[in-house]
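Letters A, B, C and D name the chains as they come in the text, with residue numbers starting at 1 for each one.
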Amino acid sequence: MAHVLGQNQYGKAENRIVRVYRDSTRHEIKDLNVSVALSGDLDDVHLTGSNANCLPTDTTKNTVFAFAKEYGIESAEQFGITLAKHFVDNNEPIHRARIRIEEYTWDRIKTPDNSARFIGSEEVGHSFVRNGGETRTSEIVYDGESVQVISGLKDLVVMNSTNSEFWGYIKDKYTTLQEAYDRILATQVTARWKYGFTGKDDEAQPNWNRSYTHVRRHLLEAFAETYSYSLQQTLHSMGTRVLNNRSEVDEVRLELPNKHHFLVDLEPFGLKNDNEVYYAADRMYGLIEGTVHREGVLPVIPVA
Amino acid sequence: MAHVLGQNQYGKAENRIVRVYRDSTRHEIKDLNVSVALSGDLDDVHLTGSNANCLPTDTTKNTVFAFAKEYGIESAEQFGITLAKHFVDNNEPIHRARIRIEEYTWDRIKTPDNSARFIGSEEVGHSFVRNGGETRTSEIVYDGESVQVISGLKDLVVMNSTNSEFWGYIKDKYTTLQEAYDRILATQVTARWKYGFTGKDDEAQPNWNRSYTHVRRHLLEAFAETYSYSLQQTLHSMGTRVLNNRSEVDEVRLELPNKHHFLVDLEPFGLKNDNEVYYAADRMYGLIEGTVHREGVLPVIPVA
Amino acid sequence: MAHVLGQNQYGKAENRIVRVYRDSTRHEIKDLNVSVALSGDLDDVHLTGSNANCLPTDTTKNTVFAFAKEYGIESAEQFGITLAKHFVDNNEPIHRARIRIEEYTWDRIKTPDNSARFIGSEEVGHSFVRNGGETRTSEIVYDGESVQVISGLKDLVVMNSTNSEFWGYIKDKYTTLQEAYDRILATQVTARWKYGFTGKDDEAQPNWNRSYTHVRRHLLEAFAETYSYSLQQTLHSMGTRVLNNRSEVDEVRLELPNKHHFLVDLEPFGLKNDNEVYYAADRMYGLIEGTVHREGVLPVIPVA
Amino acid sequence: MAHVLGQNQYGKAENRIVRVYRDSTRHEIKDLNVSVALSGDLDDVHLTGSNANCLPTDTTKNTVFAFAKEYGIESAEQFGITLAKHFVDNNEPIHRARIRIEEYTWDRIKTPDNSARFIGSEEVGHSFVRNGGETRTSEIVYDGESVQVISGLKDLVVMNSTNSEFWGYIKDKYTTLQEAYDRILATQVTARWKYGFTGKDDEAQPNWNRSYTHVRRHLLEAFAETYSYSLQQTLHSMGTRVLNNRSEVDEVRLELPNKHHFLVDLEPFGLKNDNEVYYAADRMYGLIEGTVHREGVLPVIPVA
């Protein structure tokens, strides 16, 4: 029985690029991790040892660095679209490019304002401290015809110290869990959202950076304001909040590990634990995943 | 515009279970990391705060541990099938269960054979050293009708110190790579393979452990014996070798990061580097991915 | 020749404790990772199998959780001192306790102020987002007589995009590095500082939280304001800045990996790289370590 | 009050070098991670911005790669001694060099012996699979007069499924632990051992590779053969076993995290758990550390 070469792709992963803008004494920096994956007419590369259709991964890396100079990096999404179109439009055998980008953000270091020491503070134009919170992500796919942009974030860790319950669930032979009427709810948010943008010639790009800021804010607000009866309910609130407020977004997918905080039994020591002392567990953990999308829009963000 | 709840699933992830068989002084151990994900009639859990259809993740955890005693763990696949069927067949609202398992293997510690010290050696029946090589993986999905099993491995690191070339590729404006006629080829194999097995009533399960051992062997042999003109070609050889030799397997998907080893330029120091001294780089790296499947079989292993 | 049991210690490591203060609707949280190490009259535990002098590591864990309720956690240092004294003062065979604590900080989630939507914002009293930046560290040692406190931080990543040079160094047969007159200087700060505090009966504890905030600020300011000819010089500025401004600190030790940012050669692509496009490397990296201490004070912070 | 520059050192860390020996079709490889730290007359580098006494970390990196060709790598220890002596003996301001090396080992890939397919197997001379078990470590210090070598290993994970008890310990107000008469004992061994070798002119170097193999074997055997009443007792057996059998070793220090395996309570499910089903916990964990050394030898391996 014959064998068939199925889906395949290749490229240079994790190109760690820092772009500095030095137009004034107030520098700007973009710090990205860019991964390229190309597909197309690559059967020979796999079957015969001919690399005639292969744009080397090393060249894809060079292109990333060169484009940072030639086109600049206004946003990860815009940069990714430019890269993806280049690879497909300029290499006959390449039919599809997927660019994944992680972005790390930096805050400015501030020092006391010398004109008013101990009162104001001023930023140092070339000094930065890395903001260690969530990582911004994006994935741009271009197939020669249209563009698909899925942006997101990961490692955004949040906690509600109250306003969370969990009860009324199925009880079977293997159930030992006690119902909870006041518990900590904590999770490490991974979110991905798909834009309606498809990259038609006359289609304006969304303001990607502004959109990111707002989606992130809506996720946080929905998490904080939802009185929760299950992490699923919180997930659904977070997704719908984004769709309700950001028309440029079509679909939201969330992965929410339940970072369990177990109440410690202090009774053996003659102490009462009124939801004050918790043990933060690593593993095992609940994992809640789900998609919310607009009616009539085909969801495309894959299950992890 | 209305919003729709799309694909969603939940369960307890990363249940770290060690099962000891103590039937004789020669103990056996199984060391697994089991993750459960359930889907079904869960709209209310997301929308109304009712958990009436929710089997708690805590209960799925309890079930994993209880089943290790009730049914034992002959193989990860068999254990996963038993779990998946239980969740779907015994919980009306649960329509689909996905069980993912990582397995860590242990070797026996040997001590000098006292009857012939310094000549033979004998194993200690209850003492083990963890084999730190690859992790065995499996994913079992059951939807109430049929079973799908995708087994695999990850973190199997291999190297050929010669018999690898790379030349004849596309050159464009951004190309600087020199062609190579003798290079190191090293990669960290992630492989997944799908079995033809679908869990029909009268269908015998493959010998999962034996199948794993053979697939792993064929992957290693194909890597070692392929004179390579590209990592894609090596990937294809590895996939087809498995399909050629293991009829129980339908589809193989491989992810092969190119762990670059760069020849160090020693000429500034008056030394000639005849492919002897390399710098092993971490990032960026080439990433080559692909599927090989039998003709007529629909490939199902998702892109990572 | 006889063998001797040398330095030994034991205890429960990495107790992950979250303490919630719920005295008002504005909750406060402390999130710590506490490790206990005890030493003393423990020869028998090692030699004879008698555990008569062994306070189990499980009990040290229980004590950590119980003390979070009994004594609260005002600061990691104060909590550590209370724990260390308890173990030594209440267990005859235990002569020395070392408590190491990592602290993770959380910011409050803010939502739009409903009385002035889109203008002000108000915090949600029970909702937090983890501040992913540096981790605060502390080590408290008590030997029955005096207390030693070494506080610190790790994973504080900083970058200067200019004002750094490196030239005038030794050139030998193995030198290929070009002198640099304008480079990026980036590092991931690990700092430890020892307090003069020794825990005498009438000795007031420093305000640990306030001291931490100020030391951190001085480290950042010194990094930002130093025009650097070597990372060693920057290190020295950072250490002396702390000693000059914080009289409660005696000694500062810094570990500064040089997170190399290499200028990418864009000339092959007809582009000029005016210190704009960098490749951020992972490994190898320069590692610069050093201590600055007050004259007459014996430095005690160990080399990593 | 004046400030003093205390202990300081610098160098290039984590030079990832792979050395291939291709003298026959049966290649040999050495895979090392080499870190250099130099100390000496470096006050000016810290204080004045003069780098006149600074051998750049980049040069130390070049030297590592060049020496791999010039002198070869017979063992990590020998390679480290050669490097350390070079840095101190050839750079007037450098008074002390510390070389730390991690070594990763590779096994040969075997393929079926074609002359007797399915019976014998033969190794492929240039194909290797990384042995994912423990990492071999070494630290070489040279101060211009004598050499100190501390070798070791880390991440050697071992388990005894029986022959371990723990009882008879101190009970206090915070004790809840039940005594155990048959438990799993598992740990991830970090071991360091100091050689008596001091590098005098007429002093032969030990056979470092052979010594490593034997020390590792004695650690495993002692772990397997000790009926344990505490992990401390097991630690002591492991250390003394090495000293009893390897005269070239003076001192052994072990760090043994107690990788807890908790018996799962299956009674709620009507099942009896006869030490068969365990939950493998990540954190918190007991941590047992200790040194065993020959009488009259000053122990020097630092506490971690």
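As a working rule, a residue touches a chain if its C-beta (ideal position, glycine included) is under 8 Å from a C-beta of that chain, and two chains touch if they have at least 3 such contacts.
Treat the numbers as computed from the prediction; the structure is a model and nothing was measured.
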{"item": "For subunit C, the least number of touch steps when starting out from subunit B", "value": "1"}
{"item": "Classification of the subunit A:subunit B interface as same or different, half of numbers criterion", "value": "same"}
{"item": "Pair sharing more residue contacts (C-beta pairs) when B-D is set against A-D", "value": "B-D"}
{"item": "Chain centre separation in whole Å, for subunit D relative to subunit B (CA means)", "value": "29"}
{"item": "Where subunit A and subunit B are represented by their mean Cα positions, the distance between them in whole Å", "value": "25"}
{"item": "Centroid spacing, where centroids are CA-atom means, of subunit A and subunit D in whole angstrom", "value": "38"}
{"item": "Numbers and ranges of subunit A residues touching at least 2 other chains", "value": "15-16, 62, 66, 174, 176, 268-269, 282-283"}
{"item": "Of subunit D, residues touching subunit B in the complex", "value": "15-22, 27, 29, 31, 62, 65-66, 68-70, 106, 109, 111-112, 124, 126-134, 155-163, 184, 220-221, 223-225, 261, 264, 266, 268-269, 271, 273-282"}
{"item": "Interface residues, subunit B side, partner subunit A - complex", "value": "1-16, 35, 37, 42, 45-47, 49-59, 61-63, 66, 90-91, 93, 166-170, 172, 174-177, 229-233, 235-236, 239-240, 243-244, 251, 253, 257-258, 283-296, 299, 302-303"}
{"item": "Subunit A residues within the subunit D interface of the complex", "value": "173-174, 176, 268-269, 282-283"}
